[in-house]
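Shared chain: chain A. Partners: chain B in the first complex, chain C in the second.
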Partner chain A sequence: MSGYMAGIVAILCINLIFAYAIFVTAAAGQLNLGGAGFQAIGAYAAAYASSVLMQPVWITIPAAMAITALVGFLISFPVLRTRGVYMVLATFAFAEVVAGFLLRSTTFGGAIGMVVPDHVGVPVLIACAVGVTLLVFYLMATRVGLAMRAIHDDEPVSTIMGVNVRAVQVATFTLAGALAGLSGALYAHHFSFVEAQYFNALLSIYVLLFVLIGGTQTAWGPLVGSLFFTLIPELLRVGGSWRYVVFGVAIVLMMAIRPEGIVTRQLVARLSPRNWLTRRKTVLGERHAG
Partner chain B sequence: MSGTAATLKKPQAALSRPVLIGAAIVAALAVAVAIGGKVIAQQIVSGLMLGAIYMTVAMAFTLTIGVLNFLNFTIPTLFMLTGMVAWGLVHRGFLSFAGGWAWLLALVIGVAVTVVASLIVERFTFRYLKTKHGDATEHAIPLVSSLGFLLIFEHLVLIAMGSEAQRFQIPFKADIHFFGLVLGGAQLLSLALAVAIVAVLTYVLKHTRMGRALRTIAESPDTASLLGVDVTRIVPVVFVLTGLLAGVAGALFTINYGDVSPFMGDHVGTKAIAAMVLGGLGSIWGAIAGGLLVGLTETLSIHYFGGDSVQMVVWGLLLAVIILRPQGLFGTASIGKGKM
Partner chain C sequence: MPAEPMLRVSHVVKRFGGLTVADDVSFDVPRGAKMALIGPNGAGKTTMFNLISGVYPIDGGEISLDGQVIDALPARKRIGVGLSRSFQNIRLMPHLTVIENVMLGQHVQATSLASLLAPVGWQRGGRWRRMAEERLRQAGIDVDPDSAVSGLPYGVRKKIEVVRALMSGPRLLMLDEPAAGLNPRETAELSAFLKGIAEDGLTLLVVEHDMSFVHDLCEQTVVLNFGRLIYDGPTKGVQDDEAVREAYLGTRRVATAEGAGRAA
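What follows is the complex of A and B.
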């Protein structure tokens, strides 16, 4: 694998894990525009544990995940008091506070950033990304996943049907924290350097776009969204800014033509090999469309 | 307040609280001036001037949220577009015929371009808001489209005019000295203009047919169209006003500080969002109060805690307000709860 390819694969793996962090809350109907804040906490926790406390990688990464999971758990209580636009703004504000704190803090290097001594290679990143993908696919197939989908589609009805909405939402925020922390810790260890400026509002926006363009209905969404967003800019070698213009146009068209994202439940049902055999495409299609 | 619309009536308890908060802020500022003297007074004046810019942009945000429940992320780029278009026109010499007034003409054209850009955004974002998918994240559709437009506009400007900050020359420089405080002439003009816009907007919303249509849509779009409001024709008005407010704010910023860059909207835009939330979503007076408050918080936190602290102080305040008092310091509780 060439250095160029390795670079793309590394950033793809990190983005994918990060996208799944945002996906698990979005799949339960909660939009998080503060992803960069959680990722920054994970990255800095790993960096601090590695460079100051001199801990090995197998301690720093789980520790970073535990810390971000705790932050996700604690922040979920105030954030879940809000909804809709307010939740988008509250999470956005959270990320800004984290970035502002890290930029100012002398413990964490301030604007200079921190050097991370231990390096984690591409194979580990791939293994983590595959692991997280399988975990989220499994999660979406369990009763918890069903409850998340129910809350996403209709919260009041889920409550009536006996879903503990509050518990599911707190759990998804905690899991989202852990996954974002993992992606941040891997970022810190792979690139051996963290700086607060990287974890800016634009990063939060991009990762939310990965998820929403990919689709929040199935676990395929973030996978397709991250691949699309990471690979398309590489394939579109049309020079600097034009790339982003094409990208912006693609987003606007996407929302106009297929606002539920690239992958929907209906599409998954249609492409599933089981349905090719049973020839019940239309019936299944209708059932999943509802 | 004679009971024409439910939104105009405010219960007495809700009215007294914003007044109390406002009085507390004014009292705190008076104490600060009494202790700190002229230095603090100057900081407060600069903060209010900066706040005038924030409040104009915050009004653009609050209008689209209040009427359409749509967080329009193109507003920062609309703000930037005015300044950059004006600079481009002057720099390339297209306006040399206008002589000494070229700067003013350039800014007027800049605002006009911004309004057109805002209408393009309307065509591709809001029209699709009505596509329902029975889905809790559906309000995100126009939000995501507006993020797409943010990328398009910002990078088109980068392609056309480069990424460097540019100097926009204004032929006059009139600082007014008032009891030993320096007041920028351009800043005073901008404050006056901002206040005038607010007054006109408040009048239009309260006393004209158009304003009543807008307020009806804000209450319930479905009921509005049942009662004969042509929603698809009224909605572009919101976007014209949005473009106008963002454009005028951009022009005022350009006059005040004399610098334009493709990224000038990012900082102002996020501060304006903070201002809007502080004041209360969907409330014009909230946007005004919030804008001035953020301007003051910014200059005073720079003075007391140093330059890096602004982000943390402003957004920390915002996070606290969203969680403790989601309707904002000056807003009422009814806005932004599951419309459309």
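What follows is the complex of A and C.
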């Protein structure tokens, strides 16, 4: 693998895990525009544990995940008191507070950032990305996943059906924290350096876009969204600065043509081999009848 | 000593600001009964459903299910004690398929961690899915269980909502206008289906405007008007009752010249 390719694959893996973090809350109807804040905490926790506490990678990454899971759990209580655009603003404000704190904190290197001694290679990133993808696909196939999607569609009726809406929402925020922390810790260990400026508002917006453009109805959404957002700008590189214009137009078109995301449940159903076979049989049957 | 009623609504009061939407309402739904709750528009029928199912807290009185006081239970726990309901406007989850909507109705049955974390979405021949498919068949719903609910005809969606409410294994099933929008054939089918499930010991409380459906299904009726109970008795007598006729048709009152003059 060339250095260029390895770089793209690495960032794709990190983005994918990050996108799944935002997806699990979005699938249950909560929009988190504070993704960068969670990722930053994960990255800095791993960086601190590695460079200051001299801990090995197999401790720094789980520790980072535990910390961001706890932050996700705690932040869910005030955030879940808000709805819709107010929740978007509340999570956004959280990320700004985190970035501001890290920039001003001498413990975490302030604007200079931190160097992370232990390196994690691309194979580990791929393994983690595949693992997280499978985990989220599995989760969405369980009753918990069904309850999450029910909450997304109708909270009051979900409650009447016996779903503990608040518990599911808190759990998804906690899981989102852990996954965002994992993506941050992997970022820190792969690029060997963290700085607060990287975890900015644009990153939060991008990752939420991965999920919304990809689609929040199935676990395919973040996968397609991350691929789309990571690879299209690279493919458009030949166009020079115009690539941003083309990319922007592509996003607007996507939102206009597929407002519920690129991948919807109906699309998945239409593409599934089982349905394809039955439809083919029906078509053949009709031909015979005609 | 008569058996404990399945549902007892006792002196229930609910106010929204200055408006009293349930004014000292008391009635019993006997075990195994098929009871109708009727009344003119705005009488407080759906509000009564919302109070019983816990959407709103009550301001006074008591609600008990099979002897157990339930008015302090949060809404999500009431399905667990055996109370299930449908909604006036179809409230199926639009992004869930037919079978997923029905399986959501089983949520309260899946109490163990293992059943919560089993990948039911992948288990095509699994126990939960087979139970859901069986109920759909019994209700005469002949659609692809994996199709989206949003594209289905109104009558079919209405029936799916009844099936979803049944999946929790309720003792009391409350249906809010189940026959509204159905054609006569669908209404007759629904009535036959509900009679069938009532034979298994289920108690029914039904809000409905279609009086032929009510006469066909329910032996007993309670009538609400402006949040007050005005009739509680056999369905046969309801249309002859003076208070009920007055509520639906208004009173016969001739405006006098004096009254008109005062108004002007």
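The criterion applied here is as follows: the second predicted complex is superposed on the first by the 275 of 290 C-alpha atoms of A that agree within 3 Å, B and C clash if a C-alpha of one lies under 4 Å from a C-alpha of the other, contacts with A are read in each partner's own complex, and residues count from 1 in each chain.
Here is the rule we use: contacts are C-beta pairs under 8 Å (C-beta built on N, C-alpha and C of every residue); 3 or more make two chains touch, one makes a residue touch a chain.
All values reported here derive from a predicted model rather than from experimental measurement.
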First, second, both or neither for A:259, with chain B first and chain C second: first
First, second, both or neither for A:163, with chain B first and chain C second: second
Partner chain(s) touched by A:228 [first = chain B, second = chain C, both, neither]: neither
Partner chain(s) touched by A:212 [first = chain B, second = chain C, both, neither]: first
Greater residue coverage of chain A in the superposed arrangement, chain B or chain C: B
Which superposed partner A:198 touches (first chain B, second chain C, both, neither): neither
Which superposed partner A:150 touches (first chain B, second chain C, both, neither): second
Which superposed partner A:73 touches (first chain B, second chain C, both, neither): neither
Footprint overlap on chain A, comparing chain B with chain C: 152-154
Parts of chain A lying in touch with chain B, wherever the complex brings them together: 26, 29, 31, 78-79, 81-86, 88-90, 92-94, 96-97, 99-101, 103-104, 110-111, 151-155, 201, 205, 208-209, 212-213, 216, 240-242, 244-245, 247-252, 254-256, 259-260
Residue ranges of chain B touching chain A (in the complex, touch as defined): 65, 69, 71, 124-125, 128, 131, 133-145, 147-152, 154-156, 158-159, 270, 273-274, 277, 281, 308-312, 315-316, 318-319, 322-323, 326, 336-338
Contact footprint of chain C on chain A as seen in their complex: 138, 140-147, 149-150, 152-154, 156-165, 217, 265-266, 269, 275
Chain A-facing residues of chain C, complex: 53-55, 75-80, 85, 87, 91, 93-97, 100, 103-105, 107-108, 110, 115-122, 146, 148, 164, 168
